[in-house]
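The next part holds the structures, each set out as C-alpha cells.
Below, chain A partners chain B and then partners chain C, in two separate complexes.
After this line comes the complex of A and B, so read on.
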C-alpha cells in the first residue's frame, strides 16, 4: 500500500516529493527501530525479573536462616551432686536417666549470678534464662561419663529461646519492659554473663541431631533427616530397577502397537499428575488396604518411588535412544543376541544418562511435601526411627510443621531447615551435572 | 563428633547397627549363598559336559560331536532361576492370600451374635483379636495357661462364676504395654488363640512347600542341563518377562490411583449426593456422626467455591508467569548471546528446582507481610494470605516451567521462516511477533496449559499462603481456598476415616485428577502434533 504510494509520488513529481518521502520513511524507520528496542528491553526485563526473584528468594532465606545455625548457650560450673544424680550409688543407667538435672542446672545458675534469689518471682525470672531442655544436656554428659558424678564440671547449656532471640536481635531491648519477652532484670544478668564470656553463641549441632520439640531452642531435624534418608533408600531400591526395566522394555522390545502407545501416553501423564493425588493413592492403597503403618517412612518411600518412576523411565528412554546405532550393529555383527547387546553394550553406555535422570527424580522426591501430609508423616515424632516401619517425618514436612508453628523462634529454624534442604538438593544437582559433564559422549 | 549426639541417638546408633547386621546375616546372606551355590552347580555341570565332549571329540568316540549351545554361566543362571522362581511365586501368593483366609476362618468360629452386629462393631472386634494375638507373643507359659482357661469359659453353658476375670486378662496385657479397648470376651480370646494356631500352621506349610518345590524344580532343571539345552534363550525369556512386568507397574499405578480414589469417592457420594457436591456453593463440613449418634447433619460440601479459588489463583499465577516466562524464552532463543544464555538458563532452572514448600515459606513470611504493608501504605486492605500472594508466588514458580517449554517450541520453528521474514526487510521483533510466534502458537498454548495444570495441582504454596476461607468473591486481596488446600485440611485433622469429612478429600482428589488429566492429555497432544509438523 505504502510502497505503491511512494512509487506514485516518485513518478509524479520526483524532485519535490523525494525530501518529503525520505522524511516520512526515516520517521517510520525510527518508530520501527524504537519498537525493536522496546521489544528487546521487555525480554531483558523478563530475564532480569526471573533472576531477581531468585536472588530475593535466596537472600530472604539465608538472612532469616543463618542465625539458626548458632545457638546461645551459657557456660555453667555444674556440680554433679551425687545426692541428686545418683542417691543409691549404683551407677545404674536407667536411674541416671531419671535424676532431677533441672535442679542441678538451676543451682549452678544461681551460683553463677550471685546466690539464689529469695523472692519467688525473681527466682523464676532467673531460671527462665535457661532452656527447658538443659536437663537432657546434663544427663547426656553424666551418662556418657558417670565418673564425673561428684565433680564440678563446666558445661555449656542452652539459653532460653527468648534470650537467644534477644542476642540475635529478634527481640528489641528498647521496647517497654511490660511488653518485652525479656525483662529488665534478666537483661542485667544477660549483660553480666555476656561480659564475662559465660554466655555466647555457638555452632548449633542440635539443629541436625535433635528430634521434634515444642521449644525452638531444642528442636532439630534429627528424625526428619533419618526419615528422608530411609525414603531415599527405598526410592533408589524400587524406582531404579523398575524404572530402568520398564524403559528397556518400552524402548527396545515393545512392539509398536496400540497397547504400547497407551502405556507411553500414560507414563507421560503420570509424570504430570499432581503430587497430592499420589498421596491419596498411598493413603487408600498402602495404609488402608495393605495395612502398612501410618506415618512410617516405608509408605512415604513407596509413594515417592511411584512418583519418581515416570521421571526415571523418561530419562532412561532418552539415554538409551542416545546410544549410537553403530554400537548396536557392531554387537549384532559379532553374533550377540538382542539381550546380550542391550545388557552388555547399550545399558553400560546409557548409564550416565540414567544416573542423571535418577538424581533429578530423587531431587524432586526429596523436596516433595504434599503426598507425605496425606499419609500422616506430619507428626510430632520424638523417638528416632530405627526401621522404615516406625513413625518418622521428612525434611520438607518438618519445614512445613515449623512454618505453621505459632512460636516466633521457629521462623529462624524454618529458614535454617530450608537452607539444609536446599544445600542437600544443591549437592545432588551438582552430582548430576558432574556425571553429565564427565561421561557425556557425543556420537 | 559423637559428643554432640544425645544419649538416645547414641543408643540408637548401636541398636540400628546390630539390627541391620543381624537382619543381613539372617535374611539376605543365606539366600544369596544358596542361590550362588546353585548357580555354580549349573555352571560347573555345563563346563564338565563341554570338557567331556571335548575329550570325546578328540578320541573320536562321539559320532556327531556337538558343542555347548549356551555358555556355562547361562546354564548356571538357568538352573538358579528355574529352581527358585516357581517356589518364590507360590510363596508370595500364599503370603498374600493367608491373611484374608485366616481371618475368614477365625470369623467363622465367632458366635452367631457377632455376625449380627453392624460392620463397624465387627471391625472393632477383629482389631481387638489382632491386638490380643500380637500380645500372645509377650506372655509366658503360666499367663498363657490362664488365658486359655479364660477362653474356654462359656457364660451360657456353666452359669458359675468365671474362673478368670476378664479384667485380669486385660490387666495382664496392660502390664505388657498392650492397651485393650475393653475387657476381652472369652470368644475373642479363643479366636485369638485359634488365629495364632492357624497362622503357625500356615507358616509351616508355606515354608515346607517352598523347600519341596525348590528341591523338585532343582532336580528337574539339573537333569535337563545338556549340551544342546537352550539355556540362554530360557534365561532371556525370563528376563524379558521381568521387563514386561516392570512396565506394567506404570499402568497399574494409574489404575491404582483411579480406582482407589474412585472407590472412596463412591462411598462419599452415598452419604452426600453428587448434585450437592458439584453444584453446591457453600463449603461447611460438620461433624455429624450419622448412624452412630450425633444429629446426622454432615453440613454442606459445595465444590464450587473451591473450584473458583483454584481457578482464580491459577489465573493470577499465569498472569505473572506467562509474560515473564514467554519474554524470557524469546530473548534467550532469539537475541541472547551464548554468554548470557549460559548464565540465565541455569539460573532460571534453579528456580524450577526449588521445592514448593520453600516457595510457600517465602510467601508466608516475606511476600504476604510485604503485600499487607505495601497495601496499608497506599490505603488498600490486603490480607497477608490472599489470592494475590499465593498467585504471585506460584507465578514465580511457573516462570522457568513456561520459559523452558517455550524456548524448545520457539527453537523448533524452522529457520527458513525467520530468514524469509528478515529478507523482506522486517525487523527482528516484527519477525518474532508476526512470523515466529504465530507459527509457534499451538505449542505455546500447550505449554501454558501444562503450566495451568501444574498451578491447579500445586499444594504447598496455597496451603501456606492462600488461606482456608471457602468463599465466592472477586477480591484478589482477600483469602480464598483451593481444592488442594481442602484435601490437606480434611486429611490431616483427627477425623474418623469413613466419615464424609475425610471421604470428601477423595472426591476432591478425583475431580483434581480428572481436571489435570484432561489438561495434560490435550496439551501433550497439541505439543506433540505441532512438533511433528516441521520434522
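After this line comes the complex of A and C, so read on.
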C-alpha cells in the first residue's frame, strides 16, 4: 500500500515535471539535430570546396592545354631534287640522311609565296615561317620511300612555333610590330596561306610520338612515355613481390619483439621520407656503387620501387589484418597448415586491398620528378630507348622541362602533357577501383 | 614453403641480374649535365648534332652549374658525365677537387656570351625605362649611404631612387643564389652601383673598424661581399625557379621588375619591356661589342680522358664550337646567344683542335 502511494506520488511528481522534462528533451534533441545538420553542412562545404578547386584546376589545365593537341602545318609541294637529295644516285641511306633538306623545304616555300625574296632579311622572315625541324620531316619521307626522289610531292610541314602560337591566339596580333614575335610581313604571308587552305591546324600526333625537342612544334612525349612505362614495369616487378612478402612475414610470422617494432616504425618513417632522398640514394647506390647507367630508366624504376615499398607494405598489412578472423579459424579448423591458411585463404581475400595499395603507390611514383633529378633523368633525350638500360625521361619530367622553357608554344604543351599524365593517372585509379569492386567479398 | 622459396629466389635473382655490371655494357651516348642557362643552347646543338651525326647519341641533363661541375668531378669512367655546362667559370676550388678525383685534363670551352636584362611588364607605363647600376643599387641594396653614413635602405618607391622614375612600389624579382645569373647581377650591377655612390668605401671603413679581419685582401673581399647584400624587407624577391617563374610574377604584379637572360627576353618581346642600362639597350650587337655592361660568358667543360672512349664526344665538342652552331647566323644566336668576336672564335677553334687543357 505504502509502496503504491510512494509510486503514485513519484509519478505525480514526474507528471508535474513531465512538461518541463519534455520541453528540455525536445530542446536537447533539437540541439543535437542541429549539430548533426551543421556537421553535414560542414562536410558538404568541404566536399564542395574540394570539388571547386578540382574544377578550377581542370578547367585551367584543359582550357590552356587543348591547343597542344593541334599543330599548325603548311602544305608545300616539295620538289625532291635528286641533285640535292642524292647527287651520287646510290640511294645509300646514310647519305640520304645527310642531304640538305632544309634547302628543299625553303625552296618550296619561296615558290608557294611568289618567289625567293632578294632581300636577305625578308628571306629570313619568310623561311622562319617554317619550323627548324622540317628537314627531318622531309628526310623521313625520303628515307621511307626513296622512289620519290626526283618527284614533286605535297607534304605537310610544321609551321614555326611562333606561327602556331599566333594562330592559336597565344601571340596577340594587335601588339606593335617591333615587339611582336611574328612580324607584319609574316602576318601577310600567314593570312595568304590560311586563306588558300595551305596552312591549317591538324591533330598533333607528334605530341605522343616525337622525342624531346628544343622547339615546341617538334617536341613530344615519346621518350617520356616509354620511360614511364619501363619504370612502371620495374616498380611492379620489384615492389609487389618484395612488399607483399615483407608484409606477410611481418604480419603473420614475425615474433612481436623489439626488433620487429623497430622495423615497423622504420617502414612507417620511410613512407614519409622526402622523395629527393631516394634520388640521392639511387645516385649513391645504383649509379656510383653498382655502376648502373646514368639516366637509364632502370635506375629510375629501382628508385621509384624503393619509394613505393613502404606504401605497399603498409597497405598489404592493413589488408591482411582486415580479413575476418573467422576465415583463419575456419581454415585451421579443417586442418590447414599456417602456409595453407595464408596462401589459400587469407591472401586471396586480401588481394583487392593489396592491389589498391599498390596502384596508389604506383600513381604516386609516376608523378614524381624530384628523385629523378639526382639520377640524370631530368634530361634532354632524343633517342627512343629500347631497353631500360638506355637513357630516358618520364612524363612529369617532361612537363617540368617544358614548363621552364622560354618559347610561347611550350606553355600550352606543358598543360597538354599534364592532361596526358592526368589521363594516365585516372586510368590507373579507375583500375584500382575496378579491381577492388570485382574481387571484394563480403561475409 | 615452396612457393615462398621460389619467390625469394626470384627476388634475389632479379636483384643480382640488375646489379651485375655485365649488363651495363659500354656507354654509347655523350652524357652532359649542368647549367639551366646553357641547357636550351645545348639542346639545340644536340638536336642539330643528331641530324648531322645520326649514329651518335647525347643526353643533356639539367640541374645547375654547380651540380654539373660536382658530377663532372666525381671521377673518370663511364659512370661519370663527359661534359659539364656552366654559366660561370669553374672555380679554383672545383678544379682542385676534380684533380683529386683524377679529372686532371679538362678542356674549357667558352662558346659565347649571355646578356642579363632588367624588364617590366609590356603593358605597364614607365616612360623612358632607363636604369643605371646606381639606381638598382639604391633601390635594392640592404644598406645605402645617406649623408656619409650607411643606413638601412629607406627607399620605398622608385621615385625616391630617382625623381625621373614613376611612383611605383619597389619590387624586383632577382635570380636566387642557386643561379649563375646572380653572380653577374651582384658583380656587374650591385657592386658597380655600390662603388659609384661610395658604399664600398664606407663598407671598407666599417670592416676595418670592426677589426675582425686585418689582412687588406680580406677586408676588400668583405667590403665587396657587403655591397652584394640585397634588402630583406620584401622589396627584393629571390626567384629560385626559372625565368618562367619571374615572368609569372611580373604578370601578376604589373609594377614589378624582373631580371632575365637576353635569350628569354628575345622569346618574349611581346610580354616584356626591357630597360636600358646606363643608356644602352641590350641586344646581341651591344653585348658583343661590350657596350652593354651586364653580360657573362657561357662555358662547357670536357674531360679529355673520355675523348676517344665515348663515341661522339669529340664530334659533339667540335660540332658545338663550329661556325654553323655558334656563329652569327647559327641557331644559337637566333635563340639569343651573343656570339664571340671573330678573333676569339678562331682562338677557340684552334684550342679545340689541339685539345688544349686548362
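We adopt the following convention: the second predicted complex is superposed on the first by the 393 of 443 C-alpha atoms of A that agree within 3 Å, B and C clash if a C-alpha of one lies under 4 Å from a C-alpha of the other, contacts with A are read in each partner's own complex, and residues count from 1 in each chain.
Assume a residue touches a chain if its C-beta (ideal position, glycine included) is under 8 Å from a C-beta of that chain, and two chains touch if they have at least 3 such contacts.
On a predicted model such as this, the values are computed, not experimentally measured, just so you know.
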Fit or clash - chain C, chain B, common chain A: clash
First, second, both or neither for A:97, with chain B first and chain C second: both
Partner chain in contact with A:136 - chain B first, chain C second, else both or neither: both
Chain B versus chain C as contact partner of A:403, first or second or both or neither: both
First, second, both or neither for A:378, with chain B first and chain C second: both
First (chain B), second (chain C), both or neither touched by A:175: second
Touched partner set for A:263, first chain B, second chain C, both or neither: first
Partner chain in contact with A:40 - chain B first, chain C second, else both or neither: first
Per-residue touch tally on chain A - higher for chain B or for chain C: B
Chain B versus chain C as contact partner of A:370, first or second or both or neither: first
Segment of chain B intruding into chain C (one of 4-12, 400-408, 490-498 or 526-534): 490-498
Set intersection of chain A contacts, chain C complex versus chain B complex: 97, 136, 241-242, 245, 288, 339, 373, 378, 383, 403-404
Contact footprint of chain B on chain A as seen in their complex: 32-33, 35-36, 38-40, 42-47, 49-51, 53-54, 57, 60-61, 64, 97, 136, 139-140, 143-144, 205-206, 209-211, 222, 241-243, 245-246, 248-250, 253-254, 262-263, 265-270, 272-278, 280-281, 283-285, 288-289, 306, 309-310, 313, 337-339, 363, 366-370, 373-374, 378, 383-384, 386-387, 396, 399-400, 403-404, 411, 414-415, 418, 421-422, 425, 429
Touching residues (chain side chain C, partner chain A) in the complex: 1, 3-4, 7-8, 10-11, 14, 18-19, 21, 23-25, 27, 29, 31, 33, 36, 39-40, 42-44, 46-47, 50-52, 54, 57-63, 74, 78-79, 81, 122, 241-244, 263-264, 267-270, 273, 331, 335
Interface residues, chain A side, partner chain C - complex: 94, 97-98, 132-133, 135-136, 171-172, 175, 178-181, 212-214, 237-238, 241-242, 245, 287-288, 290-295, 298, 302, 339, 343, 373, 376-383, 389, 391, 401, 403-408
Chain B residues within the chain A interface of the complex: 3-10, 12, 15-16, 19, 232, 236, 239-240, 242-247, 249-251, 253-254, 256-257, 260-261, 263-264, 323-328, 330-332, 334-336, 340, 344, 347-348, 350-351, 353-362, 364-366, 396, 399-400, 403, 427-430, 432-433, 450, 453-454, 456-460, 463-464, 484, 487-488, 491-492, 497, 505-506, 509, 512-513, 516-517, 520-521, 524
